[in-house]
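Each of the next two complexes has chain A plus one other chain: chain B in the first, chain C in the second.
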Partner chain A sequence: MMKNYIPILGFLLGGAVISTLADRYWLDILIFALWYAYLCTTWNIIGGIAGQFTFAHPIYVAVGGYTSTLLFNHLGLSPWIGMFAGMAFAVLLAVIVGWINYSRRLPHLTYALITLAMTFVGVIILRSSQFLGGSEGVFILRGNDPANFKFFDKHVYFWIILVAVCLVLTFVTWLSKSQMGLKLVALRDNEDAAKMLGISQLKAVLVASGISAGLGAFAGTFYAQYLFVIDPSVAGSHLAVEIILFTAIGGMGTVWGPVFGPLALVILSRYLNAEFIDFKGLGQVVYGFLIIIVLVFLKDGVVSWAGKSILRQRTKSKNARKTQ
Partner chain B sequence: METLIQGLAQGLAIGGIYGLITMALTIVYSVTRLLNFAHGDLMVVAMYLAFAGVNWLGIDPYLSILIIAPLMFGFGALLFHLIFARVLRAHVLLVVQVTLGLGFVIQSVLLMVFSANYRTVQSVLTGKRIFIGDIVLQAPYVVAFVVSVLTAVLFFWLLHRSTFGRQVRAVAEDAEAASLSGINVRWVQMIVFAGALGTLGVVGPLVSPVFIVEPTLGLHLSLVAFIVLILGGVTNFIGTFVAGIIIGVAEALGGLYVNPPEFAGITPYAIFILFLLFRPSGVLERS
Partner chain C sequence: MLEIKGLDSGYGDVGILHNISLSVSDTEMVAVLGSNGVGKSTLMKTISGLLRCTAGSVTLAGKDITGLPPEQIVEAGLVQVPEGRHLFNGMSVLENLLIGNTAKHARPRQKELMEHIFELFPVLAERQAQAAGTLSGGEQQMVAIGRALMAAPKLLMLDEPSLGLAPALTHQVFAALRELNKQPLAILVVEQNVSLALATCDRGYVIEDGEITLSDDAAALRQDDRVRKAYLGM
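And then the complex of A and B:
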């Protein structure tokens, strides 16, 4: 079983090596790519493994970012501690929303719609609240203060988000083999059969969405500490769409899909936007088309498609050996 | 009192439009089982076409419907052929992802061509009023409401009185049985999908004088349409129209009476959540 964790160690070491080679410009791109990879991996727990389509992650990011930032600005609490408060709020919110939908046995579509509506409501509330800084958001004084999650050196942020991605990956690898993970997959693939076996959908969804939301909230604290500002734009539905599409192109429900998708697409779109500066947004157009093509023709993400192809090759060679 | 009546009238007009958009979404869903999250984005395309018609060619939005509706119909047939026909048998989540991807592409292209600026479209009726006794109504809203009701009635008539309508209902009921009795299911699905986009081609220019257009409006419109679909009952067209009007009126009255006014945008969602909390059985029963 340990061999499942070796690629994660390889990813960590590879990332560390790359961080020493990258200049400031590339470091910034890679930090954002990893930030998306982190969010996609946490989204994948509820969206991919449990198959419950949610748009709520921007809200969890905002809850995490605003909570830790306000606690720091008003009470002087270090974001290293404040982030746990943000995570707790996000878990609470996720549990309430999950309860509204699944305690009444409403269909998956309403869960998707409630969470999508949350992003619109969230942006309205954040924009119009004076206490939350309105459209400008809340600022953090710049500085270099490791005890308060502030660094001048971008490498530190890179390592923090890299380690965070690896930790979540380790958790997801463990989860997908655990009893809880099997229950979630069973619910996703055949809800009626899973319920008949006595699996409680409400309990399973609440646990999965709570974990996913809590982990997602850390991305908000990280965002605020990296940019020294948190503003309503992070709560918007466009972030949810990006998370979903990045995960989809990598492969939903797989361990590595949500990492591969955002890394490839963020880097590609940043490159295209920098190369063709006159066509603002060309990167988005190109990767949007890529996503449609991949989904329509592979019917799945790249990682799951590659996995299936390898499996098919193996069974083919096995069968060939048998016939010989 | 007068503001209340004007708010109600405005809400009725917007609600009728919501009802019509949702009908287009619903009928596509009932014959193809596709949940199209790009529905709103496709309507925004029609709105921008109306904007381009006014500003580039000098054609009034109401007149441009004659060009935009057939254009959207053709675009719909093409999209169905290129994308939607290939995912008809796929898992529902894959379809949602594909349509989100399509919406994302549409938004990005609109952003490239028209920039992120908020646009308003001028028509011959802009600023014109209609007086009924003491009540003053804005002409573009009245026209939007009348046309949406007429289109909805046309929908009913087509579905229940024409041969094609019978075929559509047969496919919606049971695609396999319909296919066995000699109906070309794929063709019906394509025409319905193209027809839905053609409807958006009517609705888009129609509301462009009263909506503020920007590239990311689409997902919001899709969400409103899905909310109306859930509230009204998936197969119930009258329910859909009524639910559209409830949401439209809630939005208009919210804009008048909610304090602080910034929170007005929340009212349709609040109504949706209240329905789910207190009438979930009703929602389920009808869906």
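And then the complex of A and C:
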């Protein structure tokens, strides 16, 4: 069982080594890539493992970011503590939405559409509220103040988000083998059979979406502390689309897919945009085509495809040994 | 154990079942017979709470379970083995069994229930770690039954357990059901294989077009001209 956790340790150490080699430009790219990996891994708990498509993740990010930032600006509460308030709000919101949909036994589609509508409403509320800073968002005074989650050294942010990704990965690795994880997968793969066995869909969705949203909210606090601003753009549905796309490319429902997908795609898109700097938009076109190719030919994402290939190789060599 | 009175059910506005009444006593094994599309699966889904009935009542061991959500019906002691088995194919046999261990009263008895299932189906003990999707049809049916037993039901319902199984395996499955019934465990089984069902069960109900048209002891039904002509091909 412990061997499932070794790759996470490897990822942590590998990341730490890379951080010492990267320059400021790459460090910035890697921090954003890891931020997306964190978002995808937390979204994957409800979206991939539990199979409940939700677009509301950006809302939870915004709730996290705005809550910790406002608590800091108005009450002087350290974001290290304020982030937990944001996480709690996000859990509450996710539980309410899940309850509205599944206590009435509404289908998955309405859940997806309700959460999509939330992002539209969320952005408008954030833009139009004076207290929330309107379109500009809320600023945090720059500085180097570790007790208040502010650092001049980008390396620190890199390590924080790297550790956060590893912690969530550890949780997901444990979850996917736990009784709760089995129930979520059972509901995803065969809803009727799972219900007949007494698995409550309402309870499962509330637990999975609550955890996913609560963890996701930390990404908002991190975003605000890294950029010293939180603005309505984080709440938009485009972020949800990115999260879902990156996760699908990496492999939905797998442990490592939601890490691999965003790391590969964020780095690739930055590289392509820099490479095709003279042909505006060409980088995006190449990027789009690559995404389509991966989705069409690998279907379940890179990580599931790689897993199956390894399995096939193993059985092949086993059979070869048998015939010898 | 199970008492159904005047049950109406269907999908949306389309009524499928009309005025269904049936009962299963604590020690009985009862069959619901009928050809394709007469509403047998609709009846199963309504009893286990996946569909809501529009009229009538369902009582389990004296408790009214009409209109309860499926998880509360399982909690009350009624568990269904779905048609076509519906195992979670990517999971191992052991995981499939563990997932059935949902009811509150069954959870502390996990080990004991598991041992009992392995006694009933020794082959499952050997295949614990194997992915459920790689088992043969008969073994998959055993997992599906075992998975339901992990919830320690008072009444087990099965929807077409013989579906897609070779005759020898079908007999094996029904022999196991008979064994379970002796414990005692009340069993309600929907079956298209009428001769086998009547050979195994105590009583039977015949459904035609969403209504019960005939009900009697299995022995009497075997002798009934209508049953012989319509279902036994005699």
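Simple rule for what comes next: the second predicted complex is superposed on the first by the 311 of 324 C-alpha atoms of A that agree within 3 Å, B and C clash if a C-alpha of one lies under 4 Å from a C-alpha of the other, contacts with A are read in each partner's own complex, and residues count from 1 in each chain.
Going forward, contacts are C-beta pairs under 8 Å (C-beta built on N, C-alpha and C of every residue); 3 or more make two chains touch, one makes a residue touch a chain.
Predicted, not measured: the structure shown is a model, and the values here were computed from it.
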item: If touched residues of chain A are counted for chain B and for chain C, the larger one; value: B
item: Partner chain(s) touched by A:197 [first = chain B, second = chain C, both, neither]; value: second
item: Touching partner for A:8 - first (chain B), second (chain C), both, neither; value: neither
item: Contacts of A:182 with chain B and chain C, given as first, second, both or neither; value: second
item: Intersection of chain A interface sets (partners chain B, chain C); value: 105
item: Chain B residues touching chain A - in the complex, by the definition given at the top; value: 35, 83, 86-87, 90, 92-94, 96-98, 100-105, 107-109, 111-112, 216, 219-220, 223, 226-227, 230, 260, 262-263, 265-266, 269, 272-273, 276-277, 280, 283-284, 287
item: In the complex with chain A, residue positions of chain C that touch it; value: 48-50, 69-71, 73-75, 79-82, 86-91, 95, 98-100, 102-103, 147-148, 151
item: Chain B partner contacts - residues on chain A that touch it in the complex; value: 51, 53, 100-101, 104-110, 112-114, 116-117, 120-121, 124-125, 127-128, 237-238, 241, 244-245, 248, 252, 279-282, 284-285, 288-289, 291-292, 295-297, 299-300
item: Complex interface listing, chain A residues touching chain C; value: 105, 179, 182-183, 185-186, 189-190, 192-200, 202-203
